[in-house]
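If you scroll down you'll find the structure; I have some questions about it.
Chain naming follows the written order as A, B, C, D, E and F, and within any one chain the residues start at number 1.
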Amino acid sequence: MATVRSLTGEEVSAEALAVFDDIRATRNTDYINNFWRALAHDPALLKATWERLKTVMAPGALDPLTKEMLYVAVSVANNCEYCVHSHTAAARAKGMTDQMQAELLAVIAMASQTNALATALQVPVDDRFKA
Amino acid sequence: MATVRSLTGEEVSAEALAVFDDIRATRNTDYINNFWRALAHDPALLKATWERLKTVMAPGALDPLTKEMLYVAVSVANNCEYCVHSHTAAARAKGMTDQMQAELLAVIAMASQTNALATALQVPVDDRFKA
Amino acid sequence: MATVRSLTGEEVSAEALAVFDDIRATRNTDYINNFWRALAHDPALLKATWERLKTVMAPGALDPLTKEMLYVAVSVANNCEYCVHSHTAAARAKGMTDQMQAELLAVIAMASQTNALATALQVPVDDRFKA
Amino acid sequence: MATVRSLTGEEVSAEALAVFDDIRATRNTDYINNFWRALAHDPALLKATWERLKTVMAPGALDPLTKEMLYVAVSVANNCEYCVHSHTAAARAKGMTDQMQAELLAVIAMASQTNALATALQVPVDDRFKA
Amino acid sequence: MATVRSLTGEEVSAEALAVFDDIRATRNTDYINNFWRALAHDPALLKATWERLKTVMAPGALDPLTKEMLYVAVSVANNCEYCVHSHTAAARAKGMTDQMQAELLAVIAMASQTNALATALQVPVDDRFKA
Amino acid sequence: MATVRSLTGEEVSAEALAVFDDIRATRNTDYINNFWRALAHDPALLKATWERLKTVMAPGALDPLTKEMLYVAVSVANNCEYCVHSHTAAARAKGMTDQMQAELLAVIAMASQTNALATALQVPVDDRFKA
């Protein structure tokens, strides 16, 4: 599977390797997961994606675990198999417990069903919900 | 708009009114928003949906604001106009600040783009991400 | 709204008018709804779409009302506002009762939530479900 | 694959086993498919999901086969691989013939294309379609 | 995988074989890919789908490669694994270079993120964008 | 509508105004459309989004009109009303003719239906399509 083949070590460009080094340093791991390896075909896209991700997922008004669970929620709704796996694993690594994961799934399931109902009913937006 | 017409006060069934009362008591407000009013055409669906929502959104291992932001994230990815409006307003009411909303949007945007990239590249899931 | 402007009577081509005539005859009505009027900008697309629709929605192993409810289900899941409205109205015209509509919505809501759960859990397909 | 590991027989809780028993009794089979096994990590979610499904899919104004085909239609539009497999198999078991399946697919394909066209054209909803 | 089993050579109908012959002649290849083989269960759907595809993808105001890249873009957004693979391969065969593929992916990723942002913000459409 | 209110001229930050200036200079227009005005609530997100967009949409191996039509295709598949309007208008401004728009729509409709069919059939990917 994959629409681009895996690059061998020799084929990865210097620009891509520099991004890999920053991923390793930022995440404190030697492992570069397949997503970044696939993006290495286009070092400019790899670099832009990684740098934006690093900024967006950094601690802020929302903590990293909350951000990771939001990432899982979007990935499930968008039905991205790779992303559901990778971000569930990341949320686990950031401290998501069994109970938190259970509640995350329950909220996703709940939202999915009321999303469908509101769309089926074409409910008009209440004035008080408009900014 | 709407695929069902608005029920007048006389048309809402006793079973639906009982649900409305519980919504009012639980949320400490007199206001019943349009989603519940549209569902009142089917009191059994109204009741099942509300009771499940009340359970799922109650405080647990995740706090109510986190759950509400997850709800927004799913609603955006599913593109439910009504739900994006209503749950953004609910998150605001539960304490979402401007900065938190900004970070919520940034995570949703980030996930949407890497979801698309992983799908376009058909990246195989790393073994270490499998449970 | 709309990304193409409405054609005036004089602007509709003879090829498009012939399709309009067939829609009127097939549906036994004078009314041409906005979807077909918008497609009239491209008579070839209008004709291909209408002729395929006429074939697909004709009575067969599935009756026209069942087909129309399936159309609503897909339109809700794809979140097409226009289509949810038009096909709900069409299902009504073909005999969908309040109770049938209520059950249709309940199935759509149920499927939406288990779809999300199966995706979140990345459940492997049971061998017995493979053809 | 899967974001939760398979539970061994000893790990499934008594509450989950009771749900499994009800699934077996209701469906008149010993087989518990992977979806329910994965949900067993959260017995409360398992129980809520199963009980709602049992109610929603019971015979009513719509017969069980029609409901199952609606489930397939939503699952295809939501692109849930597991669900497309499991509900196609369920529809087969409930009597969906080759010809019915062929018409189901033709309607799904038709709806998908007119959904896309209506969205691309941003067709305004006809007044007569509003409830 | 697959919700219909593979037909053996003897089982493919004469009507389906005639479509296969036209695919071979049009594409100048002996190879019939799995999509068409799966559709052969319903020769009428196979024929309608192929003939429409042949018309739509023929050179016109847009060249075949541009059409194929548009097909990839839709397939990624709709998250169709089979289609992403087959149309990426087709685009490659029609001359899509590494650099073009990189730009295609960058546009898809960009659109996916601004789509999500516009939906999250529920931005009203500017009057000047309405036809 | 909108989940953030419109900022008055006094409320837009200096950082956001600098982005507006760059949009005006790049596009050679005084008009700032609603999307950018809504993003101005978060100048950092506004700036990151605009700068990435400017890079991605610049002429490259793909010309700006092709990129804009790809943007429309993704926006339709993601069902973003605002984006369908704004990018259709942008494609028009960049030279998309009636005939090109008609072919764009035909490809989107075609892809949407074969995406649905491949998903419904769960067609396995041909080995030759794997990179």
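Keep this in mind: contacts are C-beta pairs under 8 Å (C-beta built on N, C-alpha and C of every residue); 3 or more make two chains touch, one makes a residue touch a chain.
Please read all numbers here as calculations on a predicted model, not as lab measurements.
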Enter the minimum step count from chain A to chain D; a value of 1 means the two chains touch.
-> 1
More C-beta contacts across B-D or across D-F?
-> D-F
Look at interface C-E and say which pair in A-D, A-F or D-E is its repeat, using the rule that over half of the contact pairs are identical by residue number.
-> A-F
Between chain C and chain B, distance of the C-alpha-averaged centres to the nearest whole Å = 26
Between chain E and chain F, tell me the centre distance in angstrom, where each centre is the average of that chain's C-alpha atoms.
-> 21
Multi-partner residues of chain E (each touching 2 or more other chains) = 1-4, 45, 49, 52, 74, 76-81, 84-85, 88-89, 102, 104-106, 108-117, 119-122, 125, 130
Answer with line, ring, star, complete or other to describe the graph linking chains that touch.
-> complete
Residue ranges of chain B touching chain A (in the complex, touch as defined) | 1-4, 31, 33-35, 38-39, 45, 49, 52-53, 56-57, 60-62, 66-67, 69-71, 73-78, 80-83, 85-89, 97, 99-100, 102-104, 106-126, 128-130
How about chain F: which of its residues touch chain C in the complex?
-> 79, 84-85, 88-89, 98, 101-102, 105-106, 109, 116
Mind listing the chain F positions that touch chain D in their complex?
-> 72, 76-77, 79, 81, 84-85, 88, 104-105, 108-117, 119-122
Residues of chain B that touch chain D when the two form their complex = 1-5, 48, 52, 55, 125, 130-131
In the complex, go through chain C and note every residue touching chain F.
-> 1, 3-4, 41-42, 44-45, 49, 74, 78-80
